[in-house]
């Protein structure tokens, strides 16, 4: 019964990124002899389920909650359980009031692939499509706007939840981070403007969908796709030339650090604090001059924090 | 003859039995489950869905369905919080405005269902999209924070005999009792059942079917507005992402509560029990430490079992 | 039996036409109901009897023709309008809510409210009064139903019909229309309904009775409206004409012209 | 007497009219819209939802509803791809296994609906959760890639008179024609309508209602399996995230296509048109360059307008 | 009229009990149907006539009692079992699918299939043959329905009843049961149905006819089963007993013991 109880709440059950994170947390918990409770929203943005999960886990005796926030609606509940002495750590997605944040800088992740794309096009006039997440999601906005900034287009700052627009972006469509929907979105964008030569995608499933659409239209050669995630699958796609470059994140690291912090708190009563950037690495199939990137071999070694 | 006769409505007692069975089971699995604190938590968790389900039940009783409920609630909560925080309106006035907006959406649904004679599924699918888009455009998808305490006070809890009770929970229970008595003890309530049971007969006996339906949709909108207020109080923010999974949740609560999707048969208190059953499953399984995917699996089995148990008890009783 | 007052027309319809797609259910039919009379409407299946009374009771809006109530032109856009004018109707398919109880169905749309200001304001039901009255009305029809809180869908065919008849008889203020009210009834129950119809008439309300039961019609009707192929073929006097002649006109075996003038009413 | 009489079913012609109106509108807004290439694309995009909607229509025609359809499809596609890629099964055999699994899920639904006499909403809510969890556990939520071309060949396109036609599209149209003729020209099809229109009458005339229902649910599962194959071919991967929004999409297609949610009334070809209408809205609005939130708004309005237009044309025609 | 063969019992029921919650619809009723006869079943509303024939046709499973067909014990668990035994039934609430056409309803559950191997294997409908037969059967009843592809919900009450009657008469192999088949029918159509019942009997099939129409019953029945309060009160011979005595027994005004012995059948 003295076993520390740690809760992990992810946005969804299905995104491989969160599945990886959960695996990492489970492994780490086993290693240090902690009990891990898990829960997830029904879909991205489902804060209601996350809130109930926080409460239920605390009721089950959890003293540390690790959460990838689906939105700021969880904040007051977090405050409430913190007042009962529970440590709450944000993973992946920041929110106000977390004891600590272990996450990728999503705006930076966008900036990196924006810079890469600019250099890769080498002065060619860009005709851009962005396959975004869905309206109103902070991660979607941060990556989109970061990409715009990195490309040197007018862009909102990292705080904004709105998507920046520009004449160079001829088509903006929602992919919901899903391959099938990404494909449909890309197909329709190509109908709108067949000259698209640069595609930003919110994550790698969406990128795979976009590639599929381009291939079916016989256009996969002339178009550059950039993305975020750096999952093992995504890196393989990058090697194969499906994705030109991707900003790699490290969910296993987030999870491991989170569980360790939970164990520390249970032992010594010391809460973690501050922001730990778990890092983001630009992985490119081909490196381009003026932009710092790693090759896909490195990417595969690291993918999602394997090492 | 309605095809719903195939599905014997599981009546007034069934949901309570299922709830009791679930509670008994979880009590044997975790000693934390039956504590007053934990149970009070479960009820607080289902507060928003519970109040939404009042509106959904009214509509389903008329043989309709409302897909817009979650999105309309989200719009209402954005109106309240933005008016109070950004436009500096008195919070009470902001609340009134929010509920007015959701009631107006209800009116829109009602008018389209009655005047244009469109199926409620299509109408509310349309207004669901409209409410969602309006919410995003109006709020620029930004969460509204730093709310005046006036808006969050109904989320407060006080202690009765060692157990925490939240104001919002009381409000929910009060609304259920009100809806229940209105349905069973007033003429409009009876007309609502008649419209759902046999629209044509209701019309021929001189009931103003359109007026009943419009009234129901407006009332439902009103309840969605109240649910919005509760969601503000519970989360402490105005959340433009709210309401996305609530459609299915409310319909589930209504059906688990024994109301027929074919209209005219059901008791509204069942919907409260239905909502609580879902909350109990989630809470109990978490207390047992079941992993989240496995929770989904077990919830699937339990939902079927809950209704099946009752169906069997009914057969035995005959 | 009260003699009908000197031809005061309570209801009158002229040239009513009702089409359903290809089918012309009413082909310019006329109709006249005199004060205080029992008017039987007879005709073959599909002759347009139900269509006619649906037009008279606001259940459908006719495509053409006009309707007069007490000599004044009326436009019933819905059954609500007809009910406001005091017209109560028993429809052939009964128009009951199967999941609701007998008592609930009896008072559907005419619920008794608690007799205090709050009760009226909140439209609170006086369930006790409704139950008591339901028991009494059903007893009047001598129908052996045990409980008024039984759902109508659990009743036998005849019992269900009694519910609809009792409802119309109880609430009519001006005109009662009954579309085959005794079709599913036993001998005893059928006679009770005839008795009830007489009582209604004796209260001064005219009754329109649609029936295929010729003995019933000849027993009770003051005049008989014969509907044929969507039109009024004739109105006859049951005290003068024979049953077989009436049926002959109804089925087209005999022309109206062949009837003696005094047979017409 | 069914309460559905309130909602005049919009019949056979309505959906086609609405589709034509939508196409006309978008043609005036973008010259790219009416190109063969673009239209062929739209049809390819609705392929998966279209085939799912065949199963959903069958079930809705019996006055049921299937919430499990998307999740069952996802499970099927994971079975196929994992067996073919990881277990090295011959792709054809893997396909058979996948479709067998989805058909078995259909059988499970059918047995619970008939033997346990549970409402289809509850049954399929339960199996939806179960199928979802099994999919995640079985696949560890990992996408399966590097598929043998055998699995993706039905996604291929060939050119007929300058327009690209995909094999999958042809398959979908073929399945619709098959389902349509089966429903209208065979005894089992007629029994299905009878069960949906008046279950008790069907039973009394000696139709084996349970057998009809079980058959319908198994067939639906079969179509979900085929939809899974199409989704594999279209995306080129086995995607455990698939199927999550497909429930509402398929029901929308069915209702837009003119089938009554109360059962017994509707024509299955309408569901194909309903699915295409949704695809046309999305494609047309993207071609017009409408921002995504605004697209949602306009889609909401258009869905209502599509059905309303028909309703009005019907009134005028009387 | 064919004399009934020497009391061969085609159907026999002993001590059938059927309860619905508190209500006992059948209280240990007996029943006997002889070969080739028309047996009328009469009784007050709620006497248990429909409940009885539902038990005989597999529509409900009785709580107690046994049922014999041609002297052999049978257990009908569903209408399918009864239909397999060649029993066809017209139910009081007609059991039609309102959205389906007349032709479709006539052949529901008994569709004609295309007469080639593929047609039988795929169970393909022979729509043309069904339409032709539908026209003929409905013409037999002299009911003026224009189109067989009309939905049943658009028919008049009597027309709808004709559809149900035509269906049962067409398909019976062994026994025909009709629950108030003429209730909604006009004089002409009612007579056609009586005629049809006679033709069925003359083919050698026994017919069970439930009716409240005493003239019809006395015109056509070979024997009359009187149902009262959920039990069989008596079986009488219409050629011997008077209509008023029969009604008296049915309503309880007269006891069976008061009847002359030769009145019983």
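Read from first to last, the chains carry the letters A, B, C, D and E; within each, the first residue is number 1.
Rule of thumb we're sticking to: a residue touches a chain if its C-beta (ideal position, glycine included) is under 8 Å from a C-beta of that chain, and two chains touch if they have at least 3 such contacts.
Keep in mind that what you see is a predicted model, and the values were worked out from it rather than measured.
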item	value
Chain hops separating subunit D from subunit A, counting only touching neighbours	1
Topological distance between subunit A and subunit C, in contact steps	2
Most remote chain, CA-based centroid, reference being subunit C	A
Rounded Å distance, subunit C centre to subunit D centre (Cα mean)	49
Whole-Å separation of chain centres (CA-atom averages), subunit B against subunit C	44
Averaged-CA centre spacing for the pair subunit E and subunit C, given as whole angstrom	29
Per-residue overlap in subunit E, given as positions that touch at least 2 other chains	93
Contacts with 2+ other chains: residues of subunit A	13, 43, 135
Of all residues in subunit D, the ones touching two or more other chains	1-2, 132, 136, 197-198, 200-201, 264, 293, 296
In the complex, subunit E residues that touch subunit C	20, 22-23, 43-47, 50, 92-93, 143-147, 150, 154-159, 162, 180, 183-190, 212-215, 247, 250-251
Touch list for subunit D against partner subunit E, complex	2, 185-188, 190-191, 193-194, 197-198, 200-208, 264-265
Contact set on subunit A toward subunit D in their complex	13-16, 19, 43, 132, 134-135, 170-174, 176, 178-180, 183-185, 187-189, 191-192, 205, 208-209, 212, 216, 233, 236
Partner subunit D, residues of subunit E touching it in the complex	59, 78-80, 82-83, 89, 91, 94-100, 104, 108-111, 113, 122-125, 127, 167
Interfacial residue positions of subunit B with respect to subunit D in the complex	1-8, 63, 65, 67, 112, 116-119, 121-123, 125-130, 132-134, 136-137, 196-201, 209, 248, 251-252, 255-256, 260-264, 293-294, 296-297, 299-301, 303-304, 307-308, 311
